[in-house]
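Supplied in structure tokens, the structure appears directly below.
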Amino acid sequence: MNYSLVILGAPYSTQSTTTALNFTKALLKNGHNVYRVFFYHDAVHNGSELSRPPQDELDISTEWKKLKNEHDIDLVICIAAAVKRGVLDNNEALRHEKKSSNLSNSFELSGLGQLVDATEHSDRVITFGP
Amino acid sequence: MNSNAIKARKKVLVILTQSPYGNALSREAIDYCLAAAAFEQDLTLLFTGDAVLQLINDQNPSTINQKDLTKTLSALPIYGINQFYVDSNALEQYGIDNDFCVPTIKVDVKEISELLVNADTILNF
Amino acid sequence: MNMSTKNPELNTDKEGFLKNINDWTPEAANFIAESEGITLTDEHWEVINILRDFYQQFEISPAMRILVKTIKESLGEEKGNSIHLMNLFPGSPAKLASKIAGLPKPTNCL
Amino acid sequence: MKTLHIVNKSPEKPSIMERCLNFSSKGDSLLLIEDAAYFALPSTISKITSRLDALQIKIYALEEDLVARGINKKIHGSIQIVNYEGFVELTTTHNKSSSWY
């Protein structure tokens, strides 16, 4: 089956992201397809390249990176929610005249149209609340 | 940007549960609705719990440095979204009625269950 | 591109959007338009005024489809179409007209 | 058209579960994840079991969240334990899901 996930909770502040990560792994293990993971609300912080948990804690950013590399899943961060909260790619940094960008290259900033598209093209949409 | 890029066909139920200013999800839900409308998605909105408080007229959140959510909500009909279902129990709980920023349809528990049954996809904000 | 050479008081970003939308005045609109190679006519102003009213009422910048619809409602079929808007504000009319009307910069949300 | 209801907030916010149960239909299922795992304790679940039974709603709890919280051996007998693969399975056997938080 084709799945899309909507993640709303901030990583490290809520369980939302780790629950979604484990769910994604279980999906892939069971032969399902992940059409898109859409990060909205405080979950946009998942996109920051700069987060660094202590070595004895799960590095969520590395987990997404692995999934991206191994399964090429589509990790999309809502551009408006991200820019507002300080998660920017090069384009947005230039556009808003910020001196640096911080989006990890596993992710892509895009619009809410990507979430609309995901609801249309997925058999299941699972929301991971904050 | 091309609104024909997606041929919308699914019935999406957006369930709103958050109060207007204590949580940004209320505004982010409306932002989703505006985007969905641009792609002509078949959208139904259900306001339940604290989300019924979003509908109260005469809000003036400039006092707390926020934009007026009712102004944006009232744009939704222009975007073609007209199905605003409101949980009558939640209205009763807060003792509010009528005088809302959009025309609403009051629904009871049974009718709300039907909304869930009839949806293809549910998004919870 | 930089407005400061033409109008020292007008604080715009690199894309020509006002940094503070409260700085908007009809004169500011003329300056922004000029930097985009547009000389504002009455027909431009009809659209600008409608956009500003729309923003006043809803606190959002309308998507193109909604802008066309809104203009059609107040100015009729002849002007409420994308060709007319493309002629007035070439490229992406909703974005360019919003910039001149002093609305917030779009969030690239679609 | 069956719905999988996913709850993730602790019983301290009772209105969330209340809403979830109010809007459920016969034959739907309820999955307790994250802090909602505490609903699986006998003293909390017993407050809603009669309503769950009346609606013939099956109730599941996510094993990893139960174990993490030290309550996997303390839960009420009516609750079925599922791991993440069971969670995935539940999303395939229901047409859609609704997350209450």
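Annotations
Note that the chains are named A, B, C and D in the order they appear, and that numbering of residues resets to 1 at the start of each chain.
The rule we apply is simple: a contact is a pair of C-beta atoms (placed from the backbone, for glycine too) under 8 Å apart; a residue touches a chain by one contact, two chains touch by 3 or more.
If you're wondering where the values come from, they're calculated on a predicted model, not measured in any experiment.
C-beta contact counts were set side by side for A-D and B-C; A-D has more.
Taking each chain's centre as the mean of its C-alpha atoms, chain A lies 25 Å from chain B.
Note: centroid distance chain B to chain C, computed from Cα atoms, is 29 Å. Measuring from the averaged C-alpha position of chain A to that of chain C gives a distance of 34 Å.
For chain B, the set of residues touching two or more other chains reads 31, 34-35, 38, 121-122, 124.
With touch defined as above, residues shared between interfaces to two or more other chains in chain A number as follows: 80, 111-113, 125, 127, 129-130.
For chain D, residues that reach two or more other chains under the stated contact definition are 96-101.
If you check each pair of chains against the touch rule, the ones that pass are A-B, A-C, A-D, B-C, B-D. Listing the residues of chain A that touch chain C in their complex gives 78-80, 83, 92, 94-97, 111-113. For chain A in complex with chain D, the touching residues are 1, 3, 15-16, 19, 22-23, 25-27, 29-30, 32, 124-130.
Listing the residues of chain B that touch chain C in their complex gives 1, 3, 31, 34-35, 38, 67-68, 71-72, 74-75, 78-79.
The part of chain C that touches chain B in the complex is made up of residues 57-60, 63-66, 69-70, 109-110. Partner chain D is touched in their complex by these residues of chain B: 15, 17, 48-49, 89, 109, 112-113, 116-122, 124.
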